[in-house]
Amino acid sequence: MRRVISTLIVLVLALVMTTSLMATGGSEMAEGEITLDFPTFWVGQDSKSGPIASLLETFNAMHEGEIRVLIEPNPSTDGYRDKLNTQLASGRAPDLFVFAPDPTTFQYYETDILMDFTDDLAGSWGDVFSGGQIAGATRNGRTKSVPYEVSIIPIWYNSDLFDQAGIDSFPVDLAEFQVAATALKDAGIVPTSQMTGGSNAWTSMLWFSHAAASLGGPGVWDLPLSDPIFTQAAEVLRSMYLDGNTTRDAVGGDAGVSGGHYMAGDTAMFINGPWYIGRIRGDAPEVHAATMLASIPQVGEYSGHQLGGPLSNLGAANTTSAARRDAVVTWMQFMTEPANVRMMSESSGALFGIKYELGADADPLQQEFVRVASEASFLVDHFASAYTVDVVAEFGQALAEMALGEFTPQEFIQALIDKDNE
Amino acid sequence: MIVRSGQRWLWLVLFLAPAMVLFTMYFVYPLGFVFVTSTLEWNGVSAAKFVGLQNYIDNFGSRSFQFSIRNNFIWLGSLAVVQIALAALVAMILARQPRGWRFLRTVYFLPNVISQVAIAMMWAALYNAEYGAINQFLELLGLEHLTHNWLGEIGTALPSILIQQVFYIGYFMIIIMASTMSIPESYYQAAQIDGANVLQQELYITLPMIRSILVTSMTLAAAYGLRHFEATFLLTDGGPAHRTSVLGIQLYKMTSALDYGHANAVGGTLVVLGLIVITLIRSTLGRRVAADEAKQ
Amino acid sequence: MQAVAAQRLTFAGGTARVGKWIVLIFFFIFTFLPLIWLLISSFKTNLELQTNAFGLPAIWQFQNYVNAVQISSLPRLFLNSVIVSVCSTFLTLAVTSMAAFVFAREKFPLQQPLLNLILAGVLVPIIGLMAPYFRLVNSLGLYDSLVALILTYTGINLPISTFLMHGFMKTIPAELEEAAEIDGASFVQRFTKVVFPLSRVGLVTAGTFVFLFSWNEFIYALLLTSRTASRTLQLGIRFFVSQFFTDYTSMFAAIVLTIIPSIAVYVFLHEKIIKGLTSGALKG
């Protein structure tokens, strides 16, 4: 009995403690002030966490007593996405949020709980965005999110390792690529970093996208997967996994494995976006200094292109209150103001779909990104932005099957087609 | 007497009420939600369409689902049989209080306190084909032909994750040990006088006395085998080529793709499968325990 | 004849002893290795972790610990985790021991179907219930509170705890209760004085389980809370994960900081619990 009593006492005490803790939030809210919750993964170690926090501080100071934006940190992007999906499926959008635009997330547009920015963007605000950005965020004539971060994803290569192997320029076609790969292997260097793991087989998916774009041109994702060019692109990707063209742990490896090999100087070629610059500069300064950018060796009739497209859009919850709506639009306009975007870009290394100029003292590799983007024959987005999440997940699984010799390139493509038809 | 019986009923209801209320909130309503949505084509945001059992039919026809269900049964067997057997063995050894048993008991339990993320990272590093300690060790011994890309080959991926999990016996060892240590010392003393050695004592005294907790543990382990998710999610995410996938992974992937209909059909399948398995365990092993206990 | 038997016995005893220590040492290495590895890795750079996972760090990175303390407001999250885990453990034990008592020791209509229904909850894949749980917590007005987590963890653990408690209560001899009833014990007294104290093994078993679950849970902690004031440790540890890069070594430093107290608490409590068990065991 004494045990029961002490148990109950602990329980009651604990509940008192928790209720007292529950009451701590929201006490400092001023009268008439509009509070906007902003759950985001741009926090913690993310390269945009610093600039976002300082923009937020400026904004809240500018609108003191009227609008206050509060960050809800959700560092894990998977967890963030799960939560956002659940909230939307329960009919409750967060006041402000970020999402990666793709055919899965554009389904959000089917609900009217998202704020519609079509009319706001039709005015002068629309002029701050780079060409095609607003159209890319529009479905059925409605723009229910604001375009923001974009990606440019060229091929990275380590010029020190290329020198070591006696290669003086980046290969321009597949024949040259084979020669270069052989020279690298003779020098004890693994040519490429690949991976089948993670949720989208990221770096290998990008090689595939580069090859497909070289075969299919700017409209490559409008072609059906049954088009023979995709089988050809799959053949190119398979060759990356053969004859020691990649590391042994590529099958099953994730982004850490793929990037880790490049940073350790094990592999000569890698693919990723500008957000990786900060990481490599910190962890592997020599590799950072030796890194050059290129477009993929020509596979089909097109060449000189780069992968690029929208990476994160800003969304908001629909509201019936005109004041709240104004507050949201004010915040969105502030976030996309060119001066603020430039600060964000220079400090994080990321690139944005907004017209701004980088300063001359920006990271040289980042400037290199801007250069390859402007010199590209055309920009096309990658496979993962053109297909739903389940097809993209199948990509990694079927790729492992192909790399392990269980699937031919035709069967690999067929697995994607089957998933897409489901 | 009538008053007493009325009181008994009142208490009975009062004792049951909190559990039933919570159970309704956290299981009856959500499971209703799962089963209803499993018959819909629904992406969570737009209007749902009734499709009957089509989601279940689609699932059973898909290759990844078939691999997953096979793997779930492999998990079920490995956890319910191998892990429980190992846990019981270690519990019986430690219950005899060999030197350092307190320390060992704590150490064996440690993996339960450490985050799964860290443990998975360590195993990914052990298994890695290029830098991994296992391959480096094999190369040191001149056994290069035995090295593998452990988590990336069809033949080795699933066994690698299974081994990683099956040997973390801490939780089951603790509960079996608690049961073992509550067996009265006098039973063993009597057996010792009769000339029974240690192994005989364990076989004829300990095992029968802990049979009920063993069945309980096996039932739980079987349920874990069906619900298994985290270690696989962290180590391979179901790859390579779906060979390590389990139903939990399928469910999660479908949810991420906003395919709530198929996802909840996976959930529904898991619940029904689980009911069948648990009923089987309880009606075979459980019945024998009940019969033995009645005899005593 | 006797001598041979004795010899065989010692031989068997000898192999058993060697076998015993092989088993114990094997599991020692298997379970202790992660801890040591974690500790050493928490002093490395991320590149070292990737490329030299089992060597010693070239330079010991104490900075990782500074990061861990600075970035993720660990003390507050730690306190929240303690509150949530302790409360949900006690709440679960209170609710389920009462229910299990009624199921194990009483007879009433629909008893077996009701029990089976609750036990079936053990099988439910909790990861598939995000949408209904989110709706439930919102409709109760508990979103973003510790109470939401306590209630949810109690709810999730209800079937397993009932299952364990019921199993233990079933094994308590009926004579003890009958004797108490003859002595005039009421319904409540039969529970508090006889069955509950004798179910300590069950309480410890279920309690450990609920505590560990609540301590390690991540998905629902993220789903149901938004401010630091109501978040738990597992979310703090994830602070080192970001979109394109995870700072594992700082994350490990945070994990090391958080497991030191949990191990201390575990060792301390466990000693108490086991003592209680062996002294209060069923004597004959």
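Remarks
Read from first to last, the chains carry the letters A, B and C; within each, the first residue is number 1.
Just so it is clear, a residue touches a chain if its C-beta (ideal position, glycine included) is under 8 Å from a C-beta of that chain, and two chains touch if they have at least 3 such contacts.
Worth saying up front: this structure is predicted, and the values here are computed from it rather than measured.
Among all pairs of chains, B-C has the largest number of C-beta pairs in contact.
Look at the CA centroids: the one farthest from the centroid of chain C belongs to A.
Note on chain placement: the centre of chain A and the centre of chain B lie 36 Å apart, centres being C-alpha means.
For the pair chain B and chain C, the distance between C-alpha centroids works out to 14 Å. In chain A, the positions touching at least two other chains are 82, 89, 257. The residues of chain C that reach two or more other chains are 50-51, 94, 130-131, listed in rising order. Looking at chain B, one finds that residues 44, 128, 131-132, 255, 260 touch two or more other chains. Every residue of chain A that touches chain B in the complex is listed here, in rising order: 78, 81-82, 85, 88-89, 104, 107-108, 110-111, 196-199, 247-253, 257, 261, 266, 388-390, 393-394, 396-398, 400-401, 404, 406-407, 422. On the side of chain C, the complex with chain B involves touching residues 9, 12-13, 16, 20, 23-24, 27-28, 30-35, 37-38, 41, 49-54, 94-96, 98-99, 101-102, 106, 108, 114, 117-133, 136, 151-152, 154-156, 158-160, 162-164, 167, 170-171, 186-188, 191, 201, 204-205, 208-209, 212, 215-216, 234, 237, 248, 251-252, 255, 259, 262-263, 266-267, 270-271, 274, 277-278, 281-284.
Across the complex, chain C is touched by residues 7-8, 11-12, 15-16, 18-20, 22-23, 25-27, 29-31, 33-34, 44, 89-90, 93-94, 98, 102, 104-119, 121-122, 125-126, 128, 131-133, 136, 167-171, 174-175, 178-179, 181-184, 186, 197-199, 212-213, 216, 219-220, 223, 226-227, 229, 247-248, 251-252, 255, 260, 263-264, 266-267, 270-271, 273-275, 278, 293 of chain B.
Listing the residues of chain A that touch chain C in their complex gives 1, 3-4, 7-8, 10-11, 14-15, 17-19, 21-22, 24-25, 37, 39, 41, 43-47, 49, 72-77, 79, 82-83, 86-87, 89-90, 92, 255-257, 260, 263-264, 272-273, 275-276, 279, 283-284. The residues of chain B lying in touch with chain A in their complex are 43-46, 58, 62, 64, 128-132, 149, 151-154, 157, 236-242, 253-260.
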